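Naming follows writing order (A, B, C, D and E), and every chain is counted from residue 1.
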Amino acid sequence: MKPLLKTSGLGIQFGGLKAVDEFNFEIGEGQLFGLIGPNGAGKTTIFNLLTGVYKPTSGKILLDGVSLNKKSPTQITQMGIARTFQNIRLFKEMSVIDNVKVGLHHSHEYSLLSSILHLPSYFKGEEKMDQKARELLSVFGLEEFADVKASNLPYGKQRQLEIARALATSPKLLLLDEPAAGMNPTETAELMETIALIRKKFDISILLIEHDMKLVMGICEKICVLNFGTVLAFGSPDEIRNNPEVVAAYLGSEE
Amino acid sequence: MDFINQIINGLSTGSMYALVAIGYTMVYGIGKMINFAHGEIIMASSYFALVGISSLGLPPVAAIALSVVLTAALGVITEKVAYKPLRGKGSLEVLITAIGVSYLLQNVFYLIFTSSGKTFPDIMPQGSFHLGGLHITYITLITLIISGVCTGVLLFFIHKTKMGKAMRAVSEDAGAAQLMGINVSSTISLAFAIGSGLGAVAGVIYGAKFSLINPYIGAMLGIKAFIAAVLGGIGSIPGAMVGGLMIGVAESLTISYISSDFSDAIVFGILILILLIKPAGLFGKNVREKV
Amino acid sequence: MKKKLVKSLILALLMAAIPYIVLTLLMSLGILNSFWSGIIMLCGINIVLAVSLNLATGYLGQLTLGHAGFMAVGAYVSAILSIYYQWPFLLTLLIGALAAALIGIVVGVPSLRLKGDYLCIITLAFNEIIRVIIVNLKITNGSRGLIGTPHETNFTFVYLIAALTIFVVYSIVHSRHGRAIISVKEDETASELSGINITYYKILAFVISAFFAGAAGALYSHYIPVLVPKYFDYNKSVEILVMVVLGGMGSLPGSIIAAIALTVVPSLLISFSNYRMLIYAIVLIAAMLLKHSDAGIALKRMIPFLNKKGKEESL
Amino acid sequence: MLLKVKDLNVNYGVIHAIKDVSFEVEEGEIVALIGANGAGKTSTLHAISSLISSKSGEIIFDGKDISKMPAHKIVGLNLAQVPEGRRIFAQLSVEDNLEMGAFLRDDNKIEDDIQHIYSLFPRLEERKKQLAGTLSGGEQQMLAMGRALMSKPKLLLLDEPSMGLSPILVNEIFDIIKTINKEEGVTVLLVEQNASKALKIADKAYVLETGTITVSGKAADVANNSRVKEAYLG
Amino acid sequence: SSTNQTKTTVKNPIFGFIGPLTGDASQYGTAVKNALELAVEKYNKENGTKITIKAYDDKADATEAVNAYNKLVDDDNVTAVLSPVTTASCLAVANASKAKSTPILTPSGTGDNITIDSSTKKAYKNVFRICTNDSYAGTYLAKLCNTKFNFRKVAILYNKELDYSAGLDASFEKEAKNQNVNVVYSGAYNANTKDFSTFISKIKASGCDSVYLPDYYESVVTITKQLRDAGINVPLFGGDGWDGILGVKGVNAKNFENTYYVSGFNKDATSGPAKAFIDAYQKKYNTMPNMFAAMEYDAVTVMMKAINAAKSTDPDKINEQLAKITVTNDEAACGGFKYNEYHDPQKEMVTVTVKNGKYVTVS
């Protein structure tokens, strides 16, 4: 299996606090990885580092062998990493379908001039984007909401829309930050299916932060446990479940 | 020596800007709105003091106190009538209403007092004293002392008292503040009252310093002070103080050593440079939004 | 879909032609006298200003208080070219607009680092710097005013440029570029992380916005016999911003209506002599308060083309 | 009866989010309110605390009708809420946040109570000078609970306190809720997505679906209801 | 406006007014409008005419002035426009009036080019003024420095954002060279400058024997106070903008001992039309009129004289009469004059000083 993303010695410091330290990690093509750990362990911070929102104070990030250290978030997204956010960040006042179209922006180019002059490339481009966006929405059963203002969607649908928008950027690697937060068990079960489906259909790798162990243990092939910014454990769901350190720091003993 | 004199000149004007800037900053902090009418509220305070002294024959201290009270009330009324109905509708919407209020105040005072300047009585000791080779007017000294004291008291209030902290809490999340039992409406009114009251102090200083007031003096004073507030990091009280002093000194120094023709352009240029280096102003906490 | 778009395009052209024909007729028949034609010209110029500012402030979401600065650049550059070099009007208009666009880049750059009120102050500062430079230049005749600009601006030019501005901004907004611009306003981080080059789009929106402000300036300078720098101070910028906000951020019909209303109302108030600005202030405050009152919102619902979001809101 | 809600209705413009909802909370109880996303749980809590005004119906707390009372006065009756999404004061330090929780108190026990909160949440003590906005999600949740407890509430409304917390913390939070309830005598109205855990600690439960209460009863009975099992317990 | 053409005396002309009635220049506009109303009232009473006034606010903005002008001409059919008040408005209205040729007579537009059509370099046939222009006053003062005051080292402080001030400065500096008068310091402040301490330090260092302050009296009061506070006691002087300086309520007249200004209007007049005007104005408005008000008062006299000579309200005929009019000292509060080819009045200026808190005319 070819490695897709590789970090070595990755770290970032906020003031005196080493939020992430010596983080070494590799994810292969098509893999579904889980990233778990106590609150404040640095999981979201790692997502921020991978997507260029924060600049690392040490270490390297390589995507397909290309360094991401000096790249802007925009470039990184265009190179193939997409993400969702722990606190939903949709374009609230835009319609559902427009949210997805923003994600499609980079892959469906027609010039500014052709949109002003209404050249054929404008009509063609818009038509293609519309088609593609509807396709993506249908994956999540969001088609019927296409023209609804994003902020008017129920919470669970908003999370799905965020994933659809991320997918629209045609990523090689999708980062999901607590996609099941605020969902009830039924919705979570649906989400699990969707994630599995996405992975197959779009043939991408997924890195997932989640506190819902049913979901993590249910679909991840490998899990990385983070504690105080460093890797505490690494392994298959079963290995992680039975790792006493992880139990002590994170899982707790299920009664 | 001339250099130091120029700095003192600048500090004196700057401390007046600072007092006005603090009003902007307080209101901004709590209402997330630029109270564009703040300059006009200060203009009003000058007239209040003038009427107190000239028409009612009050002694200066009483007239100043009257002006502070009336101005604070004016600030609170403005908030209740014009801004409160728009709360939560976006800061730009309130900005426009504030512009309307500033026109309104200008014209009300214009219709009452006409646009020709009124001379402000000399309520502060006139003249100047020498200190080493320095030449300092009493007004300069008094201005500096008053604004220093006001800022100090205000800082203590905001950071050390419960009401002050409540004010900061409201400025962050009014809904959550209500859940603490904080009365949001009265807290906002308090911020307007304090901001306007401090402005009244500046208004009286303005009158004493420049002796002539008209209904339009608030506009430029307001803009300069607004710039000072932003330069210092809007929302930050020490920032407003430092920003005000810096604008004053920068003005004074560019006029005397660079060019009087381009002084405004140069001061604005400095402002742009500083903000490009420190995008949240000098004292603004550049908290990266947590993604 | 394409057919639908073409159809609506033709419809739009028709819609644009009708008021032009009607107004031209009324003016040539003398039903609209020179007072009203003068106001109609100013309405047109203000529409260009408001619609172009709406792109930067309403759609891109960057609070700018320096639009009059761009206007000044366009006005003076085109006037100087006309006076000293006798270049044809439309050429000076184009160059004036381009010069303003160039300044737009300079002003746009800070927007990459600064947000909200900080940007607002910076643009205000640029506005003042431009004005101070004009006051101090010889070629502009400083505060004494530049005179001798040929009176070239007529209703047709004003109408054409206003229609062009509306059309261009509308086209941009309804394309992938417009979506990118709006997404920057909605959430910069999410926009960046959806692959939008926010640097490019911020600058782009500023440049286009400045370009048309420059064009408006050129129209103005060839309309009014004397150009004084004072006209372009921050009060003018405020006035344009008021149009955009009153009309509704990111609403083109709103900007157009507000530009017309805020040109006509003060002009009608001139006979109130010294009560005029007082009345204007009250009207402005009342309009803002009414706009957000229940009655105002209900009223807006009844006007069909101001209510395009109806469907979206009903969920 | 500590809290009695009768025929509550909430509207957001044209949206009728809460329809004739009635329920009761007895002193000393933990009452769970569960339901899917968008069912109206948060709206119900906001209506009780008067954070939204567009409502009708009766809300009786401690014998007083509070339905028309402004939000800040309700807190004075010892009814506190930990809002959804925490809403801590990001620019204030952890310590100042706790102090704000005691805004309406003027006794001299405040300092002791802060120490008490630190003993419940040691992580907060470590970070007491840090700006609350830079805390991690879980840390913020602890702070929000601590802050609400500082007002010495008789009734505590909790809106999804376990959201976004690690499993160990979820257990901890539920333990803390139990502790607060049992040892400090605070009555709790708990809104939760994590229905199985909520039902375990609750005495009574209500299920809210698209703005109406569909199931109610003893927590154990609700947990055994087949529809509830299927939809909320997975 | 054609109804009266056959009559010998025109009974009911309509006079238009455009000027700042709101905003920071409104004090000038208001004073001029007051004088217009006073003059028309008096004229109607004395001559049995029914002159009416249409007045519009222009906020001292050229754009608004053109709108107001269009309204006056199209909607109100005015016979003549006795304004605008401010220079930029005059420039704009003069140009906009080319097509209509309605007579325009401004009391206070002092800018040099108001009456001149920039495309032909000749005077507009319908634009006239009562006041002298900026160059006239600046040049006049420079000559006085040499011939009367013997000021050799002059420091200047002017308002670069005010066309009037910049104009007076430019013409003074130009003429000073010819008059052997040295400008030892020249500082320019902004319209909103209130704190002049920086400039004052420079003036102190310049070793000047006098300070030239070509601005309107409001700024002059502020500057003078600060100059005197700083211990600068050399003579100060300025142009007609100083007019009204002691009328500022509560002004410290002591500061104005040893100051001079030139004016087209003698406020000390003890007889003649100036006195009559001052008395009437004070009676009606309870305040001292300024120079521009007096000029507007004359404008009514001058315009009616031209209309009567033309025996018609036909604009071209009135314009013709205006161009060749001769106004005597007995007719005008601000002195008699004739127009030169640029429609600028040629008249004597009065030099005024302040002694013991009172205006005194220097002969």
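In this text, a contact is a pair of C-beta atoms (placed from the backbone, for glycine too) under 8 Å apart; a residue touches a chain by one contact, two chains touch by 3 or more.
What you are looking at is a predicted structure, and each value in this text was computed from that prediction instead of being measured.
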Which is the least count of steps on a path of touching chains running from subunit D to subunit E? 2
Touching subunit C and subunit D alike are A, B
Measuring between Cα centroids, what's the chain most distant from subunit B? A
Counting only C-alpha atoms to place each centre, which chain is farthest from subunit C? D
Which whole number of Å gives the spacing of the CA centres of subunit A and subunit C? 40
Could you state the distance in Å from the CA-based centre of subunit B to that of subunit C? 31
Centroid from C-alpha atoms only, then distance subunit C to subunit E, rounded to Å. What do you get? 37
How many angstrom lie between the centres of subunit A and subunit E, each centre taken as the mean Cα position? 73
Junction residues of subunit B, two or more chains touched: 107, 110, 261, 264, 291
For subunit D, give me the residues that contact two or more of the other chains. 134
Out of subunit E, which residues touch more than one other chain, so two or more? 22-23, 26, 30, 160
If you look only at subunit C, which of its residues touch subunit E in the complex? 33-35, 37-39, 42, 135-136, 142-145, 147-148, 151, 220, 224-226, 228-231, 266-267, 270-274, 276-277
Note: in the complex, subunit A contacts subunit C through residues 51, 53, 72-74, 77-78, 82-83, 85, 89-95, 98, 101-106, 108-110, 112, 115-116, 118, 122-123, 125-127, 129-130, 145, 147-149, 152, 165-166, 168-169
Counting only contacts in the complex, subunit C reaches subunit B at residues 63, 110, 113-115, 117-118, 120-122, 124-126, 128-129, 132-133, 136, 189, 234, 238, 241-242, 245-246, 249, 274-275, 277-278, 280-282, 284-285, 288-289, 291-293
Inside the complex, what are the residues of subunit B that reach subunit C? 28, 34, 82, 85-86, 89-90, 92-93, 95-97, 99-101, 103-104, 106-108, 110-111, 223, 226-227, 230-231, 234, 261-262, 264-265, 268-269, 271-272, 275-276, 279-281, 289, 291
Of all residues in subunit B, which touch subunit E in the complex? 2, 5-6, 9-10, 12-13, 54, 107, 110, 114-121, 126-128, 135, 137, 206, 209-212, 214, 216-217, 219-220, 251-252, 255-256, 260-261, 263-264
